[in-house]
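Same chain, two partners: chain A is paired with chain B first, then with chain C.
Entry: the complex of A and B
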């Protein structure tokens, strides 16, 4: 890294990739993601799952981390997206209109549908904040999950047929095609999210988060900013839900309960609230990809069985991890990494 | 759709009264904590779960009586509440609400894990052993679980309200909640009183858990009732203590009658009705019937 700022234009200063090391890291990451399907089906499924939850977590990070509007309803919004795809496909197919690739065409529509619901969820935020807003989103989450269970999906699961995910002979519902689709969408949305934080909207969101009355005094339209924050976060959730439906070939309500919302909030806070892309990515990798896939390892440990089984241990460690990070590391993993980076920058000297 | 005969009204209203008092007792913990810490303790539902399984373990594994089970539940609840204050709430004073929400959600999972570990093979749907007592007043039949729930929840509410209103400790707790700096200036031990309030909230949660367990049985997701009780707390206003009785009774009526009238069409509609009530309260009258409205200054 150069020992000073030698940029001559604002565009150079503002670029996402500013130094050669950034370019090298980006190239390595791109190569890794491109070649990952060669490693087999299991890494692909883990990566796809991580990408889907990364999209949902980035949306929540926009709403909660950047704009400060606490939401415990992100999983319900994922459900809105997922059922937009699954119900429409099931309905059109049973009505005798098997449109090929319909499931994929509906992914952006799912985002917009969820954004519309997200706008409705923004209504309480015009009057409420803090705990009261969190309670409103909690009630909305439980109500939407109830609707999914009883009205939208009473038979516990809607299947999306393979033809609905096939475009020009390529089945986007499985294998490398599905992987490239999901990871590609996640990458594009990550780029958008990274830029939202640097736009005027992002600065307005940060102002509203830090103090909404002051933000109103300096001329920011607080209601509009809050509404946009909810709609944007909900759009991400809707797309994530739709992608979830694509890779699961269907949707089932038990994936969109309050527990998933709490998981997503935990991912955002443990990763780093307000750091939309990297914070969300770290949170998802730690809590979803790593901790969520340890069942097989944990089952074999005698200590786990002594402590009441895998579920109890997972609850315990998850809860302790979240509480520890919130109390001791408010900036999340990304703050820890920054300290490590600062330390290594001067190593072996301490100043 | 079920018919509203006079007999059905009598039966359902009694059940609504019992569930209402249980909801009020469950919601009490939120209000006591909100008064001193100005925060919602989202770990309270899991504390209720932990206390309910404590009572079950004491009653079924160690074959103790109901009184011992209730005492154990109250003790565990008080310890959990005090521990939560010392380890989570106190370090987070002055931090934004999201921090305490997330940290208490973390504690929620910890309590749930501890409950599962302590319960072991009792981690199932079970009921506390009840004396087989039945009273029939015409068409309305009351059994011992109804009476226990009614007595325990009602007694708990009366005791907490009386403590709060008429004892020196209650006066001190009110002072701390109104103005902690003023209370400290008068020599009140604010930190100990805050911790004591959390412990009382935990003990109330533990006793409410026993009342709830008597009424509905113990099940691994029994904490949902305590989440629904948030509707009672919010309807009363989170900084009102006696008002939670009114909130609980309204919630009990809504819960019981929506289950009775629409439960055959939409399964467990009472749960959805409770959360609808919560959302309506937040949208229409966010600070509740008896709560003080927050005025914002920059």
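Entry: the complex of A and C
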């Protein structure tokens, strides 16, 4: 019996599921996701919320983690996607036109609309790098948020009627149907994002991230790569925003503010920048899904009221978490988990 | 060296099995905690009682000794309306504590304990929807005491579908036809029409400038009705934008824009923090107009927040459907408010009273239903209890409100409001005024659907 692992075909080596443990984990995860609706409506809504933000975080991880282009406008791009769906449906509905299923049909359109705006955001990146690019994207975020608040959605929220989310009699706006739709889309987009990282485009992005001058010398079209990075990240954000509209039966500008952009960036940093699928997933789980539980834990504690209320303490915790991870764990939670895996691989031996 | 490969295989199998077990354990954990939860923040009663917190209890002849209801409390303690939101939240919390101590009983004498779950949503409709999902799916609440206009309006069709009673601090006219939304006051549009009527009485043919945030649903709510009423009564109307979170510079900017129209009256449609800054700017620039603020824009703190200038005397006023609590502690209704404040160690003011009243309305609903209906239909039972006031016995919160009637499809309890004027030394209540000639609720509901 030969020692080690021998793959006989290139496709076996490049496969996502290479070892028995991968297959077991994938089966367990698929089982868990399929059976989650049995656990009740609240775990389902937490899972859908996590899936929506996972898509947005993966987009940001592509732009910032993989290609190194700092973007503080991801939430505004989500908003572009969300309002593409919400405004169009609301406008057609109030004009009396039939809108059956339109909300779902518009999801890919929303992604493309956001990608178009993302391309516009790519223009400053041809000249600016690092902090200056961050400022430019910050300006875009603030400008788009202002437009949402005053022109697109001056009533603090647009409601999407249920018929727009119903296809063939199934209401995709609530319950298990919505869950399977959103989680399914998120899974497909995760697969795409994982493959981008392994493709020639992904390698070009990493080259541009590490040193764009050297990348240009080697022959990579830096401008095209940067533009694709922004467009791809924006497409993900647009789809995430559209799915958020499906989940919330509407869109409201308070979900797409600078605070949300910073939240998404924090999710990417804490989870692991550059690890598009798993880093984003860990970041979302920690900073979004578990975040809701903090409310239940903190409300009613007298110490919290002394410190200024639940909101203030949550900001405190958030700030401390992000600061710790940026300083001590630059690779994020993924780095932590990798060290755990290495330890377990040799356990009980230390080397 | 086959034995090594087998060891790798065995270890891999173990890890895989562990992953599967962990996944199943998580699912089991979700299933176990479903329907439970709910923080007990009121004083817990002795352990010997039967509780029926969730779905239908035993539908037998035996009455439960006590029912525990989960109630959601959504407040703004950190957002742009927190200036009025924080004292309101104090009033609601004190009311829960007070009523739990004194005891709430259904019509057939079964005691009901109110277990409230508080969430601060910072005036964000998206967070409100998240917390609504939590209230409905995690805690299975029977009723929600809510806050803001935008989120209450956006949730109104959902709560009707989910059959959860919703009592809001938003008195928007768009909520009046909604089946599960209630509030113990005339709606914003009716109140604003009363204010416009008062203005026309004081000075016929006057010029009115509307100062409000053009991007906030609550501020925009009564505007179509005001314009309709003003047109009917012959007042000239102009619009100026004043942000909800206004700085002194924003307020001065708005006042300067308003002064170009030479107004006799200024309507302020925001909460007290921006309206008081606008009044301060009015005194600074010597603008000789009378500001009338909406119910959330004017209370006991206004003269002090507006800088305390003597120029404000006779020039600032507000709408209020009820008399303010100061000096009224001996009157029925107000007595309970003062008792609850003493119990909670807080001071009584208008916002505290408003928070108290919203919880009291919920208690009135429980007192009008019997235990069996309450346990079976929960939110629907409470809604029917409130609507029984339409043809039956009206609801009164002591002497604070006139007799209130909630009719199906028209949850407008009463239509009169006072205009409270600051005369430099104290607050004078003029009225009550009931607007007529224009159906202000209808105008608001038909404007820009």
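Keep this in mind: the second predicted complex is superposed on the first by the 342 of 351 C-alpha atoms of A that agree within 3 Å, B and C clash if a C-alpha of one lies under 4 Å from a C-alpha of the other, contacts with A are read in each partner's own complex, and residues count from 1 in each chain.
FYI, contacts are C-beta pairs under 8 Å (C-beta built on N, C-alpha and C of every residue); 3 or more make two chains touch, one makes a residue touch a chain.
Because the structure is predicted, anything quoted here is derived from the model rather than measured.
Engineer: Sharing chain A, do chain B and chain C clash or fit in the superposition?
Structural biologist: Taken together on chain A, chain C would fit alongside chain B, as the superposition shows.
Engineer: Could you say whether A:99 touches chain B, chain C, both of them, or neither, answering first, second, both or neither?
Structural biologist: A:99 sits against neither chain B nor chain C.
Engineer: Where does A:36 make contact in the superposed view: on chain B (first), on chain C (second), on both, or on neither?
Structural biologist: second
Engineer: May I ask you to decide whether A:326 touches chain B, chain C, both, or neither, giving the answer as first, second, both or neither?
Structural biologist: first
Engineer: Using the superposition on chain A described above, determine whether A:123 touches chain B (first), chain C (second), both, or neither.
Structural biologist: In the superposition, A:123 contacts chain B only.
Engineer: What is the value, to the nearest 10 degrees, of the angle subtended at the Cα centroid of chain A by the Cα centroids of chain B and chain C?
Structural biologist: 70
Engineer: Going by the contact rule set out at the top, does A:309 touch chain B (first), chain C (second), both, or neither?
Structural biologist: Both partners, chain B and chain C.
Engineer: State whether A:131 touches chain B only (first), chain C only (second), both chains, or neither.
Structural biologist: In the superposition, A:131 touches chain B alone.
Engineer: Scan A:255 for contacts with chain B and chain C and give back first, second, both or neither.
Structural biologist: second
Engineer: Kindly classify A:24 by the partners it touches after superposition: chain B alone (first), chain C alone (second), both, or neither?
Structural biologist: second
Engineer: Taking the superposition as given, does A:150 touch the first partner, chain B, the second, chain C, both, or neither?
Structural biologist: Both partners.
Engineer: Quick check on the superposed model: minimum Cα to Cα separation from chain B to chain C, whole Å please.
Structural biologist: 5
Engineer: Same chain A residues contacting chain B and chain C, which ones?
Structural biologist: Of chain A, residues 150, 309, 311-312 contact chain B in one complex and chain C in the other.
Engineer: Going by the contact rule set out above, which residues of chain B touch chain A in the complex?
Structural biologist: Counting only chain B, the residues touching chain A are 39-40, 87-88, 91-92, 95-99, 101-103, 105-114, 116-117, 119-120, 123, 227, 230-231, 234, 238, 266-267, 271-272, 275-276, 278-279, 282-283, 286, 296, 298.
Engineer: Okay, in this complex, where on chain C does chain A touch?
Structural biologist: Residues 1-2, 4-5, 9, 12-13, 15-17, 19-20, 23, 26-27, 30-31, 34-35, 37, 39, 41, 77-78, 117-120, 122-127, 129-131, 133-134, 136-138, 150-151, 154, 157-158, 214-217, 220, 449 of chain C touch chain A in their complex.
Engineer: How about chain A: which of its residues touch chain B in the complex?
Structural biologist: 64, 68, 70, 123-124, 127-132, 134-136, 138-140, 142-143, 146, 150-151, 211, 213-214, 217, 262, 265-266, 269, 273, 307-309, 311-316, 318-324, 326-327, 330
Engineer: Report the residues of chain A in contact with chain C in the complex, numbered from low to high.
Structural biologist: Answer in residue numbers: 1, 3, 19-21, 23-25, 27-29, 31-32, 35-36, 38-43, 45, 49, 94, 149-150, 154-157, 159, 248-250, 252, 254-255, 292, 295-296, 299-300, 309-312.
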